[in-house]
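First chain A sits with chain B, and in the next complex the same chain sits with chain C.
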Partner chain A sequence: MTRAHFKKTHLKRSLIKLLQTVLILLATLIMLVPILWIFLAAFKNHIDVFQLKLLFTPTLQNFLTVFEAPYHLGQKLINSTIVAFVTVLIAIPIATMAAYSFSRFKLVGETAMLVTILATQFVPAVVIVLPFFVMFRDVGLLDTRIGLVLVNLAIVMPFAIWMIKGFIDGIPIDTEEAAMVDGSSRLQVIRNIVLPMAAPGLLTAGIFCFIIAWNEFLFALILTNREAVTLPIGLALFKAEEGDLWNLLSAAGIIIMVPMFVLALLIRKYFVQGMTMGAVR
Partner chain B sequence: MASVSLRNLTKRWGSFVGVDNQSIDIADREFLVLLGPSGCGKTTTMRMIAGLEEPTDGEIWIGDQLVNDALPKDRDVAMVFQNYGLYPHMTVYDNIAYPLKVRDTPKENIAPRVQRAAEQVELSGFLDRKPKELSGGQRQRVALARAIVRTPQLFLMDEPLSNLDAKLRVSMRAELKHLSRELKITTVYVTHDQIEAMTLADRVAVMKDGVIQQLGTPDEIYDDPQNLFVAGFIGSPAMNLVNGSIANGVFSSADGTPMVNIDADDCSSVTLGVRADDVTAIDKGQGFTDAVVYAYENTGENTLLTVLCGGQRIIVRGDRHLRKEQDEVIGITLNAANLYLFDPESGLRLRDTGVRDNRSR
Partner chain C sequence: MRDRTLKYLLVAPAVLVVFATTIWPLIESLRLSFTVGRLNKPGSLDQYIGWENYTWAFLYEPAFWNSVTVTAIYTVLTVVLTTLFALALALLLVPGGRFRSGVQTLLILPFAMSPALIGVSFRFMFNPEFGLFDALFGVMIPPLADVSWLADPVLAFAVCVMADVWGWIPFLTLVLIGGLASIPRETLEAAQVDGASGWRVFRDITLPQLAPVLAVVIILKTIFSLKTFDQIFMLTNGGPGTATQTLSHYIYFNGMKYGQIGYASSVAWLMVIPMIFLTYAYARYVFRKN
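Up next, the complex of A and B:
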């Protein structure tokens, strides 16, 4: 290879790299600008909100106001937290059992079941929200946290089963067989070997489910009105006669987003952790 | 410690037959090697003994117990897996201790036994490590230590050395042999490597297509193969097999080249077997017949000559000072005292069919 040629390819490579960086920055900017706007608005006074200046007197008043009457965001925060936590606490153990069975046993109609479970994810929520409303009204589950937990379970379970099945598929069967020959029953194998090895996967699935339940909007909107209202629905409270209260809306928005950011960071850490490394070969 | 008895053992998946109605009696303290190419049913046989695979038919006896319906944990066996099957979330110590813990061994007995097992496989300094911090050979030792930490009735080893590099394999093989003679526990060992089988086994069962082709000591398998498959599978390089015919006490290859004088009746179609060590390479015109050198290989400890003779390739082992060039014409002589005759149709050794096979006993 001649020196000129080498220089040329080198230049080409740097150009492509530059282009990549620019594109990534652009995409990030498009996604982050609204969030940045919300962050700024949350610390502004009502009158500053519509001015796009970066220099203003920041205030924490918005974060206090949203917890006061008539907004009572605290109640909604508690509802959201309880609903999301209980959903995850029920979903993960059940999904783990289902995923283990799908992964390790030959079941009758296994493929059909798996596809059906996945297919439920493709049904538009709007289509089934009214039947849910009618059913919940008849059994008295409207505007209850239990009702919301049930709905959220229906939403996250297929997702959790598929995700955890993927993690369990990744555990070498040799390891389980070794444990069985070493003297474990099937349940001991699951408790001593599978669960610890799948732990990062279970945690990741749990956090994903938590995020889905936390952000769930449509069902909560239709199925609650006073007692069980969650945070995303609570945002609607800030539409007042004098217009949208953007500063309060933004403060509430941050309260919804910050736990998600923290959880997303946690997942990232566990997502890349290769737990099966060293089990075989 | 126990004997093992497989009676009419069969494993089928649909129409595919993995193991076909096989019976073996393995004596107490015996080291039995199941040897064969991949897909021959050797691993399936072992997995059925371990209880990881359910036999379609037949009986498995360990000691005086019929274990067909027993769970793996109730069979009192220890197994070493090809991929080791270590527990990656546990330290080496916990890996080795697991069979004891899960069987409710009193706590005070666990530590000394783990220590002893670790010493036996020279792992004492690594007990705090996780498997991923170990080399392949060390992982293999952990798997071994986990198997010997208890005193099971039976050891099962499924190609335990096949993931190691060639050099490590040789040294681990010697260690395994040493350990097995020290522990004196009945062992079933699966491998496709005939050298492992020859070196480790008390007896070897050569398998193909779910059927045991021959069961015998390494010497019997090597010196007295019962059929073409065993003859071609055992030995490195494999036995030379030449198709041809016998007329007037001379064996000629298929294209009519006379190759060796043989004390046998006439036969129009026969396969002659001769090991590389039983063919001598000398100067052109000096041997029984001439041959052209197809390839010359020097392995260091000896030399291998592949020659073309009678339209077929024959491998000759020479001493380490032998030097030949490709395409050189040389003479070869087959050792008439060490020849084998097979029926090319059935593959069976010809012993009592009118043809006198020099090696028949």
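Up next, the complex of A and C:
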């Protein structure tokens, strides 16, 4: 290889490298801009929102206004928190029990059960919400947090079961067998050995399910109207005669998304695995 | 307690919950789809009319066919665009290093965002007076300078597609990075030593090795695209007119706004059928892995 030739390929390499960096930065920018725009608008005055400017006098007023009448975002915040929390609190123990059984034993109809559970993730929410609306209307569960928790279980359970099953599959079975030989019962083994070892996994699955329940939209849209309204539905409040109240919308948007950003970053390593139910690792 | 009994007792609550929250409503909506099913007419939920709701959708409802068309085009566009962009971004990010893994961490953010909020955000970005994307497109493509994006049927649809692609690229990228990282290094290096060009390495080695992951990603994205509701609801609410009315939105509108639960259920079930095939395809990949 001649010197000139070497120089040429070297130059070509650094050009490609530069191009790659530029492309990555561009992609990152496109990804972040809509989020940053919300952050900016949330600190703008009503008047500044209507201009495309980056320099303005920041204000915290929007974050106060959204909690006042007529918006009462506080009530929606409480609803969202309770609904997501209770959903997780019910789903995780039930899912853990099932996941342990699926992981450690051979059950009659096991594959059929697992496929069904997997498939329920793909049932469109709009299909199952219609019968729930009719039933809730008849039994008085419309516009209640209990009602929302019940339907949220539908979307959370398949993720929880599959995710926890993945974690338990990864715990070596030897310790359990040794304890059984020493005279522990199966339930003692689950409580004293499996649960402590699976705890980080259960927490991860719980956070994952919390994010899903928190962001859930369609069920809350149809099954609530006043008392049990959650945050994402609350976004629709900020429409006035003169149009959208962008500064308030953005402040509410921050209240919705920032806690989820924090939670998602905590479990980021398991996000992909959770979403794909172990189809991709 | 014997394991023989215990193992079934342990799965029983989960099976019960899944049955009550998904299987029952599925069966019930199938039943409703054969009834008159008007919310404001007592007794009509038990008044059977055979296949009338289905024939009505097929024969007399142009709006139904419109939503089928919208959903189909939307699905094809979002699946293709998201996959291509995600693949490109994954290839750019896979070499690793501090800078690239920092970007990877950020990729989680759009995915943790409520889709409803993504809809709001894009309505904001394309506002004709002060939307940033509206302004940028105006500068880059002058004919688009003075258009009102969300008032134009084609452009509103384009904005919906953009919002969807924006929201899903990060997740698909993360999955594909996982797939790319699991391709053995030696295989790639051996090919490079043999003098194969970057494109040949990609076509003959990377792509075939990535195929199963790519298939999973495409099936998943297709399912999520078909179901799309939240962001369309916040972004355009199906409009202008019915230009962006997806199937989910059409079902919601007929069921909740017009109170035609029976009819809405029949359309809902028409939507379940393609899902069954997709889920079957997906389950095969999941069980091959586990």
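What we mean here is this: the second predicted complex is superposed on the first by the 243 of 281 C-alpha atoms of A that agree within 3 Å, B and C clash if a C-alpha of one lies under 4 Å from a C-alpha of the other, contacts with A are read in each partner's own complex, and residues count from 1 in each chain.
Quick note on the criterion: contacts are C-beta pairs under 8 Å (C-beta built on N, C-alpha and C of every residue); 3 or more make two chains touch, one makes a residue touch a chain.
If you're wondering where the values come from, they're calculated on a predicted model, not measured in any experiment.
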item: Which of chain B and chain C A:183 touches, first, second, both or neither; value: first
item: Which of chain B and chain C A:261 touches, first, second, both or neither; value: second
item: Which of chain B and chain C A:192 touches, first, second, both or neither; value: first
item: Touching partner for A:172 - first (chain B), second (chain C), both, neither; value: first
item: Comparison of chain B and chain C by chain A residues contacted; value: C
item: Chain B and chain C footprints on chain A, overlapping residues; value: 185, 275-281
item: Contact footprint of chain C on chain A as seen in their complex; value: 20-21, 23-24, 27-28, 30-35, 37-38, 41, 49-52, 91, 94-95, 97-98, 100-102, 104-105, 107, 111, 113-120, 122-135, 150-151, 153-154, 157-158, 161, 169, 185-187, 211, 214-215, 217-218, 221-222, 231-233, 235-236, 244, 246, 249-250, 253, 256-257, 260-261, 263-265, 268, 271-272, 275-281
item: Touching residues on chain B, where the partner in the complex is chain A; value: 50-52, 71-73, 75, 77-79, 81-89, 98-99, 102-103, 130-134, 136, 139, 143, 146, 156, 163
item: Complex contacts: residues of chain A adjacent to chain B; value: 172, 174-175, 177-185, 188, 192-193, 196-197, 275-281
item: Contacting residues of chain C [partner chain A, same complex]; value: 1, 3, 6-8, 10-11, 13-15, 17-18, 20-26, 28-29, 32, 39, 45, 89, 92-93, 99-100, 103, 105-118, 120-125, 127, 129-130, 132, 135, 166, 169-171, 174-175, 178-179, 182, 213, 216-217, 220, 223, 226-227, 229-230, 233-234, 248, 251-252, 255-256, 261, 264-265, 268-269, 271-272, 275-276, 278-279, 282-283, 285-287, 289-290
